[in-house]
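You will see chain A twice below: alongside chain B first, and alongside chain C after that.
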Partner chain A sequence: MNKKTFFAFIGPSVLMMVLFIALPLVTVLKQSFYVTQPVYETLDVETCTPTFTGQLCVVETKTIPIIGDNGKALSQTNFVGFLNYQNVIEFPRVIAAFADNSWNQFMAIDFWKALRFTLSFTLITLPLVLFFGLLIALCINNVAQSIRGPVIFVSLLPMIITPVIGALAIKWLFIGDGILTSFLEWWLAKDIAMFAQAWTIELLMMFYRTWHVAPFAAIVFYAGLQTLNQDTIESAIIDGANRWEKLRYVVLPHLIPLIVFVTLIHLMDSYRVFEEVVGFSSQAHVISLQWLTYDFLTSDLMGNRSIGRASASSMLTMIGIVLLLIPVLRGVWLDYKGKRL
Partner chain B sequence: MFLRKLATAVAITSIASGAWAGCAYENGTEIKSLANSYDAWKSVASAMEECGNYTAVLDTDFKDKINEAFAANPSLYQIGGISNGTMVPLLNAGSIRPLDDLVAKYGSHLNPSQLIKIDGKIMAIAMSVNNQHLMYRADIFKDLGLAEPKTHADMLAAAKFMQSYNIVDYPIGGTYKAGWNLGEEFVNNYLGNGGEFFGEGNAPSINNATGVATLNTMKALTEYMDPEYLVGDSTYVQQQFQQGKIAMATLWGTRAAAMDNAEESTVVGKVKMAAAPMGTTRPASTNWWDGLVFATNMTDEQADAAFRLAMEGIDTEMVQGANDQGVWLIDGFVPGSAAEGAIATANAGAAPYPSSLPGMGSMHTALGNGISAFLTGDKDAATALADIEAAYTIAATESGLM
Partner chain C sequence: MKDENLIQQPIALRLSSYFFLVFWCVMAAFPIFWISVMSVKLPFDAFDSNPLNVIFGPETLSKGKGLSLIDIIFALSIIFFTAKLATGWLVKMVNTYSPIGYRWLGWLVGAMTFGLSFIVIFLGFMPSLLSFLNDVSGPLGNNILGFSTEHYSTVWFEKDFINNFQNSLIVTTGVVTISLTFGTLAGYGLARSGSNLAFWILIIALVFRALPHSVLVTGYLPFFINSAEILRPIFGDAAPTLYGMPWATIAVLVAINQPFTIWMLRSFFQSIPAELDEAARVDGCSHFQAFRRVIMPVMWPGVITTGLFSFLLAYNDFLVTSMLLEAQNTTMVPAIASMFNMETTTTDQVVAVAAAVSIIAPLFFLVLFFQRQIVSGLTAGAVKG
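This part shows the complex of A and B:
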């Protein structure tokens, strides 16, 4: 297709991506180098509050924001360079932790705790999703044609459930005297509290994510299996290949591009893990990078928000995803170049 | 014949629905309000709905919405249902209006204690007070011959004694969910022990003997709690109480009526309300008040109509219908058994929540995030407090307070 037609086709998409993805990213990047604060003054103010015996009036010295002419609080925006990034990464504490040779101290720093969990969550769920996706796809493929429709429908169901609802459902199944915890307690004859320590919560989160994403991988692999060349399969059978050898030497190589695709999508999605942390209310034990950004943005009782630190945390998360995707994208690029030649 | 019956039925229904049962007048201006969603607010909203042309939005996460909603011009809501904590950002942003003239016009019947005055101007109308106090299973305590716990030491002793009898799953329940709830527990206990949060120029000062003692008390209490205490909020603890799984807890006074709700509770009539456990200086609790504020960004006519409507919402008739849903400051409130604990705590001298201290928001957030590491054993008390002070310092410097 000539260049003009190509650009006409992708023009609208590119425009939307620039407007809704690229521009906001640039503003977040810019925000991460600035800090906006209200301008304060110190005043003596008398406050009266109710008690049972009447009113209690006290005079206090308060730091309150100055209200400008337009009726809104005055604020100033200052360029602070890398201060927000320093506040998120907390280098002095990292160095202190290494000096004391203490993993616990290192993990006590929010950013590194979140990074550790996000990385292990992403890298552990990836092979699980690929394995179960392939398993389900092969099962669907081998099932009789008459019931294949319903089987596909049932295997797609976990993907339909909204992540927050799904996470809440898992939480209620396991928290306190939840049905599955009671069953486990009866079966193993000991007291179990799934939400009292970090590792059991992480396990539940990974289980939920695998259950939720495997259908997506399954449907992609199932589509790939339909394009499998029957001649190659037949010659493999004639050559005496058993089922595992067929899988290893014919099916898997054919599915490699799709496996790479699912890997890319899954890496990007699971690095942003957030709904599980919210659904499981696990912030005391387990936090993720996306949750940390959200926490910086949550206003406290006084209405303060750490927008500078949230922007810095957001940029660091993005850099993390890019670093994680580089090997995969490089493989795709080399493969593409190889095919062109 | 049938048509006649139908017509009569329709006529009667429309007469019945047209009766503005409790409202003294018909409201002509469209008014909207945003408030929290517990029962007391539902009652106030129902009372105001009787006057017509009114929509109430009741949302537990109202404090995440209200600042921006009131800053909009025109404000998205005319009336806000707030507490002493959530009023401060609205006050600082200038998005709520002084009420002196409206009080003179429509509010002369209000109790003086309901008028919240900042810098000499009435900024809010309080309707009820609330605090966390002790609730315990009087029947269990009577069977075991235990006296009402007055201090944390009493609670721990009772819990230890109770554990050997295996009557309840866990002797103590606590709203220790990481985040706001956990921070609030620390604030209650620290103030109970006479602690001060800030020094000169909003600098933090919690890393001291009082702070360490507070953390140690909290840890001692968790020994007798459900091991998943860092995940459970007040609704979770309320349900544990209602299902008979715990014997003692420090819960919000507004939850007291739920214990006697026959539809949900298996322990109706067995839970007694008592004053919050006494710290070294005062009860380990903080006083909060709930009330109404009115947006700056609306016309004076809207403000007039909104205030008049609000007076209907918090009148004696409403209180008489919702007597046990809160500790009301309004005439006509008869303190029942559900209000005993809150009143006893307030009378014993509980401190008001220090929402006027400008650093309190950041401090509360830092506490909520930092205490769980101590409770799970990852850090010792002094390190946990030092880290909380460091987190507060970063947040306070960022927001310009330090």
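This part shows the complex of A and C:
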């Protein structure tokens, strides 16, 4: 295939990605150094109210936005350097928190709170997903052929469900005196409110995410188990391997590429945790990096959106995912070079 | 020589496998099953702390809303026979009567007629027939299971969910068709080119796939809101405000979906031997003709699978649609957020539950019909590397 045909084939797709992914990234980088604000003017406004004895006039100094010709408030965009980043990271408060040696004070800053949750969410759910995925796959592989289909059907349901709805479904089981909360209360014999403090909400979110992603891992691993070479297993058995050694030295090494694949996908997806915050309505207790950007973007009562701050937090979020993915991508690159040599 | 004792699993291990799978299936299906049960109960029952009350719904029953044994048996048997017909008779009819080469059209028409007639019979004729049967059959006709569809009618008619449903339909159809058109072309090109450039495009696509969507939305939003002014020098007064336009949202979702689509389609194309297009080329086809006439006809399974995942992305999306479409005119998923956020009374909550069940019902049927394609899609990227 020559260059020209190749470009004709990939053209539309690459154009889409340049227009709607690469270009917005450049815009975000630029926006993060600017602030757009309505232009205000300070006016002396005289308001008069009639009284019994005549008119009572008060002169007040008011700051009001200037209305342009088109009826909208005029706005101006200024270059502010790293001000947006400073407003997001809030270094003075970080330093103050460290000076006080106070973790709570540190966690009161939105960005660090979101970063802490996003990272711990990503890193805690990853082993859970891998473990339960593998367990389900091994079990499916272990049972009669006839019930594998129905089991896979049921397993697909949590994976395919709309994330917001999935989170809501879990929430409705636990909210107030929902049946699972009342079950827990009966079992532990104490009063439980799952949505009153941060750590229980985080627990539910991690439970939800594992429930949502484990089927994906399970099906990928199950497909990998089907391609397992039976001869290798037999020779391992002849060499005297017991069941655990067989799993440890034959099955797991065979699944390594798939484990890397699931890890990669899961890191990407769980780093952008967002739907859980919406579904559990947890913004008062737990927020994630994506939710922070979303919140900056949402217009406030005056109809203003803090685009600059959203861009700064977007850039920081992006740096995070790149750092997280570098080890994996480096592996892909080395693999590619190895294949070419 | 095999050691039979080691090949044969001990009974305890097999039993615990079964036991764990039962446990997992219950856990996987329970939340979904439970919200469907809640959605047909009056608020007092739906949020009762006693699970039996939620299932049987005494409060709903006392309001005279329920199903009798006859209703349940009748409905279940109709569903059972519909499923039988759909897997037997319908398949045969479509295979016999669809014009050659347009099997998909036959399926589309067949499935639509079948679905419509099922809805007409199930929702149109059955209720009146059953109320007559219940009246004449004495004790068997007494209600035993609380059941009320009033929340569904609130959601769909009062809250105007039909409008949101139409928007979802427009957005998902647009996203699936466009991303498949662009994706198959690019996937084919990438699969058949061994150049360094192809490798780098794939790696960059992988990085793009990792981007949080909020980052991209931050890039679009100011431009979309002000696009009428920004584009005026180019388009004159016809310059559109992209904010709130379904087409703009579709374009954004297609772009976000593109990296994943080309990766998946590429791996499907790679599984088709390159000798096939070489043969077509020898017979005088250009690259595009080979793609169109020789490769695409054997690619349908891969295209359907990728289309399913594009559909899921567009259908399940919350962030992009809620940001780029007007709040009054969004798709179904953002619309439900406004419902559960203003839930002031328990009735509002159950209405939100009914909306949630309405949203996931199509997904349930999707898994039912396309289970094999979904599984092959999940493993396509992974197993072939």
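Here are some notes:
The working rule: the second predicted complex is superposed on the first by the 289 of 341 C-alpha atoms of A that agree within 3 Å, B and C clash if a C-alpha of one lies under 4 Å from a C-alpha of the other, contacts with A are read in each partner's own complex, and residues count from 1 in each chain.
Going forward, a contact is a pair of C-beta atoms (placed from the backbone, for glycine too) under 8 Å apart; a residue touches a chain by one contact, two chains touch by 3 or more.
Note that the structure is predicted; figures quoted are calculated from it, not measured.
In the superposed model, A:G176 lies in contact with both chain B and chain C. Touched residues of chain A, counted separately for chain B and chain C, are more numerous for C. Contact with chain B, but none with chain C, is seen for A:F195 once the two complexes are overlaid on the shared chain.
Judged by the touch definition given at the top, the superposed model places A:S306 against chain B, while chain C stays out of reach. Applying the stated contact rule after C-alpha superposition, one finds that A:V251 touches neither chain B nor chain C. Of the two partner chains placed by the overlay, neither chain B nor chain C lies in contact with A:M206. Of the two partner chains placed by superposition, only chain B is touched by A:E46; chain C is not.
Once chain A of one complex is fitted onto chain A of the other, the partner contacts of A:I64 are limited to chain B, with no touch recorded for chain C.
Of the two partner chains, chain C is the only one that A:V154 touches; chain B does not reach it.
Contacts of A:S281 after superposition: both chain B and chain C are touched. Shared interface residues of chain A (contacting chain B in one complex, chain C in the other): 175-176, 281. On the side of chain B, the complex with chain A involves touching residues 63-64, 67, 71, 84-86, 88-89, 92-94, 112-120, 126, 129, 177-179, 182, 202, 226-228, 230-231, 233, 236, 240, 287, 289, 296, 329, 343, 346-347, 352, 355-358, 360-362, 364-365, 369, 372-373, 376, 378-379, 387, 394-395, 398-401. Contact residues on chain C toward chain A in their complex (touch as defined above): 1-3, 6-7, 9, 13-14, 17-18, 20-21, 24-25, 27-29, 31-32, 34-35, 38, 47-51, 54, 181-183, 185-186, 188-190, 192-193, 195, 197-199, 201, 203, 205-223, 251-252, 254-256, 258-259, 262, 287-288, 291, 312, 315-316, 318-319, 323, 333, 336-337, 340-341, 349, 352-353, 356, 359-360, 363-364, 366-368, 371, 374-375, 378-379, 381-383, 385. On chain A, the positions that touch chain C within their shared complex are 1, 5-6, 8-14, 16-17, 19-21, 23-28, 31, 36, 135-136, 138-140, 142-143, 147, 149, 151-158, 160-166, 168-170, 172-173, 175-179, 181-182, 211, 215-216, 219-220, 223-224, 227, 234, 237-238, 242-243, 257-258, 261-262, 267-268, 271-272, 274-275, 278, 281, 289-290, 293-294, 297, 305, 307, 310-311, 314-315, 317-318, 321-322, 325, 329, 332-333, 336. Here chain A touches chain B in the complex through residues 35, 37-40, 45-52, 54-57, 60, 62-65, 67, 71-73, 76, 87, 104, 108, 110, 175-176, 193-197, 280-285, 295, 298-304, 306, 308-309, going by the rule given at the top.
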